[in-house]
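So, here's a batch of structures to check.
Look for subunit A in each of the two complexes below; its partner is subunit B in the first and subunit C in the second.
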Partner chain A sequence: MDREAILLDYVKNELLRGRANNITAEDDLLGAGLIDSLGILQIVAFIDERFNIQVPDEDVVYENFNSVKALSDYLAQ
Partner chain B sequence: MVRRLLYLNGIAILFVIFFHAVGWGFTAMFPWTPRYLPVSAPVYDQVGSLSYYYLRLVEQIVVVAIPAFLFVSGYFMAFSAGRRDNVTWKQVWGRVKMLLFPYIFWTLLMWAAKLAQGDIFPLTGYAVMFFTGRTTPAYYYVPLLIQYYLLSPFIIPFARNRWVSLLIITGIIQFSLQLSQMLVLLNGMQGVPDFVRWLAVVPKWFFLARLFWFVLGMVVGFHIKEFKQFLARFKWVFLVTAVVCIPLGVLEWEAIIRFSGQDWLEHRETILDSIYSLAFIFAFFAFTNVALPLNKQVSDLGVKSFGIYLAHIPAMEFTARGIYLLIPALLGVQLLFQPIMVVFGLGIPLLMMAVVNRSPARRYYSYIFG
Partner chain C sequence: MTFLLTQAVDKAAERTPDKDAIRFSGQSLTYAELARNSNGMARILREQGVRRGDRVGIFMNKGLESAIAIYGIMKAGAAYVPLDPFAPVARISYVIRDCGIRHLITNDLKLSMSGLLDEDVDLDCLIGVEAAEERPYTAISWDAVYASAADQPPDVGAVEQDLAYILYTSGSTGMPKGIMHTHRSGLSFAQWAAEEYGLTSDDRLSNHAPLHFDLSTFDFFAGSQAGATVVILPEAFTKFPANMVKLMAEERITVWYSVPFALIQMLQRGKMEAHDLSALRWILFAGEVFPTKHLRNLMLAFPDVQFSNLYGPTETNVCTYYHVTAVPDEDDEPVPIGKPCANVEALIVDGDDQPVAVGEAGELLIRGGVVMRGYWGMPEKTEKGFYKRPVFGYLEDKFYRTGDLVQELPDGNLKYLGRKDRQIKTRGYRVELDEIEVALLSYELVEEAAVYPVPDGQGSNLIEAAVTAKEGAALEEAALVSHISDRLPPYAVPGTIHILDVFPRTSTGKINRRALQEQATAVPG
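This part shows the complex of A and B:
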C-alpha cells in the first residue's frame, strides 16, 4: 500500500470510524468538518509512528493537512 | 511543540476529573456531614484538617485545566486559517457541529435523569440551561467554546497582525473581571461600586470571562517561531513562577475566606490562579527536551477529552450519590473517596467509549463523544 492509501485508510477507519466511507484523497477534511484539531494531532502522531517522519511545527498548517492528497504531497517533498 | 498539545489536552482532562472529584469531596466534607457524622445540620469543623488542605492543594494545582483546553482550541483556529486571511464560515460550522451534537445528546440525557427525579422546568428554563450550559455545573464550557469559534473570524485578523494589543486588551478584561469578583467576595455586593458589581457577575459561560486563553492559543498558533524564542529565554522563570504560585494560591484563598467572614467558600479562579495557569502552560512548552511520562496514554486521553468531559459529569454524580446512599461512611474518608471518584469519573466514560467503538453504533461515535 502506498503512503496516500495508508493515510486514507487511517482517516477512514480510525478518525472517521466508518461514518464517511466514500471520502476520497482530495476531499477537504477540515473544511467539511470531518476531522477536528485533535484529529490533526492524531495524524501527526500517526505519521511519526508509521513512517518515522517528524513533521516540524511550522509545517503543521492547514495547507499541508486539509486533505489526504495534500498531506501525501507534503510528505513526498 | 505541536505534538505536546495532545498531551496538554490529556493533562487538562485529567485535571478536570480531579477538580470535580475535589468538588464532590467538599460536598461530602460539608453539606453531607449529617449523613456520616452524629450532627443534624452541615458542620464546617473539617476546615483546616489534613483532608481539607489536601483537597485545596489538588484544586489549586488543577485550576489550569480550562485555560489549557481553551489555549489548545485557540491554537487550532489559527491552524485552520493557515496561510489564508481567515477561516471560512464552513470551517467554523464544522467545528461547532462537532461540539453541538454530543452536547445535545448529553444535555438531553441529563434532562431525562432530572425528569426521572421529578425535576420539571418551564420551557424557558430548558432554553436557559441549553444556551448557558447550566444543565450541569461543567457544561458551560461547550456554549463558551462555541462562542469563541463563532467569534474567531473576527478575532483572527487581530491575532495575526495586532497580537500584542489583542493580548493586552483581553488580559485587562480578564484581570478586571477577576479583580471585581475578589472585591465582591471581600466586601459583599453592597460594598462595591455598581460597575464592579456588574463586572463581578459576568457568568463563566459568557465569552468575555475567559477570552484571553483562547486568544493566547490563537496568537501562539500564528507566531509559533517567536513564541518558541520567547519560551527559551524565560523557561526557568515560568517554571519557578508556576511552582511558587501553587502554595501562594492556597494561602490566598484561605485569606479570602478569612476576610469574607464565611465558614468556607467554593473556590473561584483568581488573578494569581491566572498567573499560575499562564506560567504552567508556558513552562510545559518551554521544556521540550524533557520526556513526558506516559506520553501515549495521556495523549490518548487528550484525543478523547471532549467525550470524557461530557460523560464524566453523570458518571461522577451517580458514583457520589451511590456512595451517599449505600456506603455513607466513605464520605468521611477522603483518602478512599477521592481515588474512587477519580477512577469512576475516568473509567466509566472510557468504558462507554470503548463499548460504542466496538458496537454497530461505532459510526455514531462522534455524535455521542465528539
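This part shows the complex of A and C:
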C-alpha cells in the first residue's frame, strides 16, 4: 500500500471505526465533523509510528489535515 | 429601554454602523449590515408564517449567516434552535420533531451532506437553499434573504418573557432535552457579562463554542451589548491549536472565551509564544474544571492578561464567577467557581433542602433572572428541576436545582465538589452517561452496558464503555460503534468499548462501574 492508502485505511478502520465506510482520500474530514482534536493527535502519533515522521506542532494545521489526500501531499513534501 | 436580545444590534447599528459586528474567515458584517440583513430575515420568516413563540432551526456550519439567522429569528418573534451541525441526522430530526420546527435556516451543502430530508421531518420552509422543483416545502435562497434587507424589523410585539432560544443538551432518558431561555434570562446574563468584563466597541471577542453550546451566548449577546466585534472560528479550526493561535493573533482578539481544553491545547501545541497576542486582555473559561498545573502555565505565559472562571449549567447561563488574580501553585486545588453574579442568589442545601452551614457540602440552588424558563415539552421535568421555597417568609419563589455539589469557602467563594448524578463533562460538553447506556442497550446483541468517565489528565474526561453480549450473539465493536454513532453526537461516542464475558459486580449485584473505571485508569495511554 502507498502512504495515502495506508492513511485512508487507518482513518476509516481505526479512527472512525466503521462510522463512514465510503469516505475517500479527497473527502473533507473536518467540515463534516468526522474527526475531533483527539483524532488529530491520534493521526499524528500514527504517522510517527508507521512512517517515522514527526509532524511538528506548527504543521498540525487545518490546511494539512482536512483530507487524507491533503495529509499525504503534506507528508510527501 | 432594552428588553430584547435583538435591540443591542439595532442600537449598535445606530451608534457605530460601520463597525464590524461579525467576522468569519476574513469576511465581515458591519453592525448596519447585520441589523438590515436580520431585519430582512425576520420579514421573510414572517411572510412564511412564523409567529411569536414559534421555533426556527439553524442547521449549518458556522459563518456570517449564523448571526443573521440568530438575530433574524428573534426579530421575527420566534426562538432560535441551533442544531449541532455534526450530530447524527437521526438526532437532528428528533429535535426538529420534538420542538415542532417548521422553518429551518440552512444551506444546500449541509442539507445534501446530512441527508436530513430523507428523515422523518415535516418542514414548511427552508431558508438558505436554492429552489428546486418537486420539493414539498418552500425554498428561499440566501440571495433572496440579502435582497430583503430592510431598515426596520417587523413589529411583532415581543416581550421579555418570550422565548429567545432553546439549547438541546444530553438527556438521561436517552433523548436530548431542550432548555428554554427567554430574552430576559439571556439579557440578564449578557448585560452582567458586558459590564463585569468591561466590554467596549473596541473589543474583539472570539467565538469558539458551537451555537448549541451556551458559551456562544456570551460571545454574541454580551458582545452586541457593547457593540463589539465577534470573530467566529470555523469549526474545523477548533481541532487545530496552531490555527486557533494564528487566528487569535491575526484578528487581534481582546477577549477569549472557551472551555479549558482548548486553552490547554493552544498552550501546549499552538506556539503561543511565537505570536503577537498583545491585544489580549481577558481569558475567560467555563464548562469544566481547569487543571491548576495548566492554568498556572497559561497565567505565567500571559502576565498582563486577566483570567476569569465562569460557572453555570446551561439552565442558568452563567451564575457564578471567579477572577483568578494570583497565579496558583502547581499542586493547589482547582480555582473556585466564585461568587454569584450580580442579580443572582445562590443557596446551598442539604438532602432535606435545609441550608447548610458555611463550609459544609450541599447542592447549589440558583434564583435570579438568568434562570431558564423550563425544559421544552417536559412540564414534569421542569417542575422537578425547580424547587419552590419561601423567600422572606411570605413569598414563594423558584430556585433551580443545579445538581452540582459545592461548599462555601471562608472567603465566601464557592468551591465545586462534583455532581449529584451521572452527568459528566467531556471536552466541555455535558453528557449524561445514562444516555450513552440507553444507546448501547438499543443494539439488539447487547445484554448489559456500563459507561464510565476516565480522566484524561488534561482536566477533562474520555468516555469508556463495557458491554456484555446476549447469549450466543457474536457482538463486534465496529458494528456497535456504528449503531450508537447514528444516535449520539460524536463527543458522546465512547473512545473504547470493552466487550466482556461478565461484569464485575458489587455486593448488591449491581454492575461495579468503579471497578471498571479503575481498570481503565490503570491502562497507560
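Note that in this section the second predicted complex is superposed on the first by the 77 of 77 C-alpha atoms of A that agree within 3 Å, B and C clash if a C-alpha of one lies under 4 Å from a C-alpha of the other, contacts with A are read in each partner's own complex, and residues count from 1 in each chain.
Just so we're on the same page, a contact is a pair of C-beta atoms (placed from the backbone, for glycine too) under 8 Å apart; a residue touches a chain by one contact, two chains touch by 3 or more.
Since this is a predicted model, take the numbers as computed values, not measurements.
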In the superposed arrangement, which partner chain does A:19 touch: subunit B (first), subunit C (second), both, or neither?
both
What is the contact status of A:48 with respect to subunit B (first) and subunit C (second): first, second, both, or neither?
first
Return first, second, both or neither, reflecting whether A:33 touches subunit B, subunit C, both chains, or no partner chain.
both
Quick check on the superposed pair: does A:62 touch subunit B, subunit C, both, or neither? Answer first, second, both or neither.
both
Indicate the residue numbers of subunit A shared between its subunit B interface and its subunit C interface, in ascending order.
17-19, 30-34, 36-38, 40, 57-58, 60-62, 65-66
Tell me, which parts of subunit B touch subunit A in their complex?
1-3, 5-6, 9, 72-73, 75-76, 79-84, 88, 90-91, 93-95, 97-98, 224-225, 228, 299, 302-303, 305-306, 357, 362-366, 370
Can you check the complex and tell me which residues of subunit C touch subunit A?
61, 85-86, 113, 234-243, 246, 261, 265, 269-271, 274, 427, 462, 477-479, 481-482, 485, 490-491, 495
Could you please specify the touching residues of subunit A with respect to subunit B in the complex?
16-19, 30-34, 36-38, 40-42, 44-45, 48, 55, 57-58, 60-63, 65-66
Subunit A residues touching subunit C - in the complex, by the definition given at the top:
17-19, 30-40, 57-62, 65-66
